[in-house]
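One chain, subunit A, appears in both complexes that follow, with subunit B as partner in the first and subunit C in the second.
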Partner chain A sequence: MPDATYSLARVRALGVAHVPGDRGGLESLRAAADQAGRRLVDVLGPDGKPGITLGWRIGDEPSVLDEPLSEICRQVTVSVQLMLAACLRCCWPDPAEPLYPGGAATEADVFRALDGLRSQASGPEHSEAGKGVHSSRKSALRVLRACAFLEPGAEDGRIRLGSAIALWTPSEIAELARNYDLLPSPRGGAS
Partner chain B sequence: MITVSVLDDLTATRRAEVMAAIAAIETAERPVPARSFRALAEAPMRQIVEQVLAVSGRVLVSSGSGYLSGYDDSIAARLADEGVGVLKAEDRAVLTLLVLLSVAMPRAERRIPADAPWSRGEPVLRDRLKDSRVPDGVIDAALRRLRDARIIQIGPQGLSPGAQFDRLTPAAAVGIFEELILLAEPHGPLASQIRGRRAARGASTSRISA
Partner chain C sequence: MPDECQPDLLSSAADDRDLFAGRLSAFVAPVAQDAGAISKDPAALLVAEAVHAAFGDACSPDGLTRSELAAACAGAVAPQVFDSRFELFVALGMLQRSRDKLYDHKYVFNPASSAALLVYERLSDVGGVQEIVMLLDRIRDALRQGSADQDSVERMLTKVRRELSINADHLLHLVRSGAFDQLIAERRHHQAGDQLLEDAREVVKLAAERFPRLARAGAMLITDALRYSASVNEFVARLFDRAQATRDFSMLLPEQYRTAALTSPLASLAEVFTRVVFDPPCLVLPPEQLLATVREYQPALAPNRPPRPADLPPGPDPLELVRERAATARLRRWSAMQLLLQGGSETDLSGPLRASWRGTVDVIVNALIASADPLIPITVELSDELLVDPGGPVTYFTPITIRREAMVITEVDPAAESVVKGGRGA
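For the complex of A and B:
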């Protein structure tokens, strides 16, 4: 079993791996990824140091599957989708700048962005309902971290975009930038 | 550095078909129906899919009438030896309890077929796990992590193994089941057979490597 094969599997298992110290090691890993129809993407590790993750060659990215095949994909709840939208807005304050790695946001910022949506749609909430909302938001953050859309929980408790965002294509990011104002903002829902 | 990939020998159309199938089986949560992708439906193209997967230490896993991908057994063993992708001890304990109650015992009592997918276990109530010596708080935290990673699923009837179990290779699935037998009935006849088989395998491996 070639060592590059194991190294590629290791990158996949880790999600984000450190960049090999020697140039030859990195080149052979990139070549192996290319043979597998994949590519190495530069990202930031949870420690803030440069890392690599396994992406897809341009044009080979997984496509969104239509019905009935969409049933085989992980289904994401509306609360998780909204949480991702709020995190994107809070961690990407200027859509003219690159989306990834973006900046760090506080949980309070992200929750305030979502509060804006709630007050527009449903008015003030009661304390029991509020507890349920808080728990659902925490759960959504955990799911996004588990899927690498957000970095795993950092000790400072701040929210940062994860390596899965680094795999988004330029056209996907351009589409997001065009609709930036629809993302929930901490300054009062979608602006 | 010049490298040649099996992908380079394919026409653009064939290459796109192979990569579409690979992207689907690498990212889907449930088995991808073979009929949905030509590269999975046709045996010669499926072989190419296997060759491309092998470059990154992955294998094609057949599950029902569909396919997913998983780690090659030797790669998975090496990753585990290095501690990569290994669950926390408390998560392993809770998962073991769940798999025992949801799959191993129902199989032993023939309530579910021996060849049923692991992700089709009998649902188990959360309180049943709490009959164990593992503290309740530890169980709740472990269940959250296991659910977020899709290693378990929580349905209206209770908890059962999740979609990640569909990615087990046949050898990995047998290995887990054997470990459960060794745990549940360490002095039973099945456990003796398992230990005997493993000892014989170990002896033959050392003869080969000598």
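For the complex of A and C:
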């Protein structure tokens, strides 16, 4: 069990780890995760091979409004949220299909999708207008990649959904699918 | 004595109590009569400082009485501690009886003891090395002002050299055999090794310019200053080795942290954390929040003109027919109410008007609908009585009162007008 605990800590530190080769190792890792109130979620590793990441047990997810969590977690800016919405739409062409792992999209498509939204200059992040829209979008992509909502930058420069998306619950994904038309589309406005 | 009353001199922040007590004993050793000459009780120094503070704040040229002193020290030391030290202070001359007011039993503070307290504090804070710095300053000032002759300068240079030599040996001894805790406690006293060397070079240069015969004494001083500087480096190196091996940062002073943060290269700073495990960056962003933000930034929809209505089928307008039917029903209801009122403004229906349930219900329902219609000027009030007729066709009945109300037509309303006109015509 100590080995499994260390392996669990390794998965937590790495974000995504390779699936243990032997079945017993996977089972003890799953048991260790369960004991810690977590669950193992199957994802794709950066090399495209099957991997695992740590999610919260269904029903035990921390709330955004929980004070300690809001202290340790970075506050999500509007530009990052809109960028993720555009990435979701571009990498998830058919809401009837599973959201994760989805497909790949180009930065140009994602930026075009964002062009269709109302300007953020009138929103709470007024300073962004001065900073430059392009650098703000690039910065949002970096944040999303660092936080595993998007895969780390690949050689082909395309955008792919990251392991953090795999942690969303089926009901959350169903809610997204119901409101699919709200997500900014590269073809302009709601489809 | 309460902890919060202890000044910094003997607190752990200034120095470790035991270490300072040891240093104090060594400090007084040259003039002590016996090994017990120094009090082991740290409170002794606190009482002296409290008495010193009392005199410093009193601004009383005539001195202070014992009771005034005790009252002034009460906040800092316990009365019995004060009493235990008072007579000793008087006996050793720290407190002297005021010669002018012998009958008043007033005391004045001896400035020599005041200077000693300052020295003790410096001894605690910066150790004996500070005395070397001050001695060098004195030589430099004397040389610049021309107030010292060759012999006195030579004596002072020799004294500084010996001090440096003793401190260098002390540091080397600590490096070779001292416990790590001792090194940590000592580190604050040897922060200015390089500065001391620079000061010594400057003083030797001034001395050699003014008294060329002191060149040899100056060279010996520089040799020992170099030796002291090297000892400090060796001392610091041992501290760093140990701290690096155990990842113990307690040896760094706040200012050293700041300097490291400002001047060290990023790679060196990051190296400290090469074996530290961090959680990956965390961003909590549930889809619900995402959708709410996207909704907020949806583009404004282009205004759409409503489609043209379909052409009406031939024949009468069905809406008009509905309105006509409603007006007819209202008129009929109003006429029925007028019939019940019999030209009066109020009538009481105290029994069934029809010999059947259906007829009675029609009357009641008509009255209630008319009452609810704002265009029919009547009100209906239901009684809370219940009339029971077991043998009749209507076995029970609740009396009602119908009243005619004045109606004000504020706008041109064809429906209301038709009712009023119909009422008048009926």
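The rule we apply is simple: the second predicted complex is superposed on the first by the 165 of 191 C-alpha atoms of A that agree within 3 Å, B and C clash if a C-alpha of one lies under 4 Å from a C-alpha of the other, contacts with A are read in each partner's own complex, and residues count from 1 in each chain.
Just so it is clear, contacts are C-beta pairs under 8 Å (C-beta built on N, C-alpha and C of every residue); 3 or more make two chains touch, one makes a residue touch a chain.
Treat the numbers as computed from the prediction; the structure is a model and nothing was measured.
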item	value
Fit or clash - subunit C, subunit B, common subunit A	clash
Partner chain(s) touched by A:L183 [first = subunit B, second = subunit C, both, neither]	second
Which superposed partner A:A105 touches (first subunit B, second subunit C, both, neither)	neither
Touching partner for A:L117 - first (subunit B), second (subunit C), both, neither	second
First, second, both or neither for A:A164, with subunit B first and subunit C second	second
Contacts of A:V76 with subunit B and subunit C, given as first, second, both or neither	second
First (subunit B), second (subunit C), both or neither touched by A:A85	second
First, second, both or neither for A:A13, with subunit B first and subunit C second	both
First, second, both or neither for A:L141, with subunit B first and subunit C second	neither
Steric overlap of subunit C with subunit B in the superposed model, located at which of 255-263, 291-299 or 381-389	255-263
Subunit B/subunit C common contact set on subunit A	9, 12-14, 62, 69, 72-74, 143, 146
Footprint of subunit C on subunit A - complex, ascending	9, 12-15, 62, 64, 69, 72-74, 76, 78, 80-82, 84-85, 88, 116-118, 120, 123, 143-144, 146-149, 164, 168, 172-173, 175-176, 179, 182-184, 189-190
Contacting residues of subunit A [partner subunit B, same complex]	1, 5-6, 8-10, 12-14, 27-28, 31-38, 54, 56-57, 60-63, 65, 69, 71-75, 139, 142-143, 145-146
Touching residues (chain side subunit C, partner subunit A) in the complex	277-291, 293-300
Residues of subunit B defined as touching subunit A within the complex	1, 3-7, 16, 18-20, 22-24, 26-33, 36, 52-58, 66, 71-72, 74-75, 78-79, 82, 84-85, 144, 148-150, 163
